[in-house]
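Should a chain be cited, it is by its letter among A, B and C, assigned in written order, with residues numbered from 1 in that chain.
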Amino acid sequence: MKSYRKELWFEIPARRGFVNITPYVEECLRESGILEGLVLVNAMHITASVFINDDEAGLHQDYEKWLEQLAPHDPITQYRHNVGEDNADAHMKRQVMGREVVVAVTAGALDFGPWEQIFYGEFDGRRKKRVLVKIIGE
Amino acid sequence: MKSYRKELWFEIPARRGFVNITPYVEECLRESGILEGLVLVNAMHITASVFINDDEAGLHQDYEKWLEQLAPHDPITQYRHNVGEDNADAHMKRQVMGREVVVAVTAGALDFGPWEQIFYGEFDGRRKKRVLVKIIGE
Amino acid sequence: MKSYRKELWFEIPARRGFVNITPYVEECLRESGILEGLVLVNAMHITASVFINDDEAGLHQDYEKWLEQLAPHDPITQYRHNVGEDNADAHMKRQVMGREVVVAVTAGALDFGPWEQIFYGEFDGRRKKRVLVKIIGE
């Protein structure tokens, strides 16, 4: 069994944003030399997500609005976590969108359906944060 | 390390529906000959889910109603994604229910608690869509 | 490839609660002797979650309140699942928080960011329930 590990760093200039990280994960897979196995891609921070969906700008605006309805940022005093913090909502948004994805590796490629793309979802940005890529297989 | 891959195809006649796919995944596991490892089961489409919960018809009606409250289909014009499309809500429902499950394989069987069953959750059906089963182990 | 399996048992005295289970998972990892691989940690019951977030009491109170807004327990008659049962809301809360986490194992340790901790989330407690830890690797 082979294993491979890499950290990807992101600094989103706004509080929230989505970045298509598929090309970075594909580069990791090439570097790993692994042909058959599993890739784990996870946010290493608890106010960010890694998820798979469509690379479509309108949808990302819909996600932004929808998540804000499900777990509003304001008023920040509604959350007990917000004592010297203002990011409680980000901990909730991240649970809806998820921490991690696991993707099959087949014949050296990410084994994806037609529209699957991997995103980093930031809910408390404006600082450097990390995503972990771990690949195991042969 | 052994690996196994299979695509399962589903065509749900309505826009939304849940199908218990546990028997298909168990058949894949038997075909694979893998006794110890992990199974990844994921929707290959971004408006569908694979999740684990109870095979109980009342609960599935509750999920349908609850997801429709969290991310209503109508009015379709409330979503920017719906330009020539009407499935933005399906991209949200899928995030709540999840893309994938990872299940332990122990002694050649899915290592499940008493009520765990794997479901395909369709949120934009009436066409053929795929689920990927990838198994790695020994 | 090595594999390791253990069940962890929990009995939460209230209907709902969160328990930091990171030390138990770390103990499993030490017992396994696995240095590189993946750990799967999943609830074996369908009204409970395993998730990764912050070990902060205020946040856990926020989660409790927020989940109760998204999927209220009362009135129990609003759910079709609640025929001789009263836990339909628990099946929904578990979907928001997730069934499982997959964590990278690197150099014999859980490969975590600075604040990542693994929690058992109980939504229908007051009885013994199980979490599965499965580790594969070398």
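The criterion applied here is as follows: a contact is a pair of C-beta atoms (placed from the backbone, for glycine too) under 8 Å apart; a residue touches a chain by one contact, two chains touch by 3 or more.
Being a predicted model, the structure only gives us computed values, none of them experimental.
J.: If every chain is a node and every touching pair an edge, decide which shape results: line, ring, star, complete or other.
T.: Topology of the interface graph: complete, with all chain pairs in contact.
J.: Can we say the copies subunit A and subunit B touch using the same residue numbers, with more than half in common, or are the two sides different?
T.: The interface of subunit A with subunit B is built from mostly unshared positions.
J.: List the centre-to-centre spacing of subunit A and subunit B in whole Å, with centres computed as mean CA coordinates.
T.: 20
J.: Where does subunit C touch two or more other chains at once, residue-wise?
T.: 1, 38, 70, 96, 98, 102, 136
J.: Enumerate the contact residues on subunit C facing subunit B in the complex.
T.: For subunit C paired with subunit B, touching residues are 1, 3, 5, 38, 40, 42-46, 70-71, 79-83, 88, 91-92, 94-96, 98-100, 102, 130, 132, 134, 136.
J.: Spell out the part of subunit C that touches subunit A in their complex, as residue ranges.
T.: Interface residues on the subunit C side: 1, 36-38, 51-54, 56-59, 61-63, 66, 70, 96-98, 101-104, 106, 111-116, 136-138.
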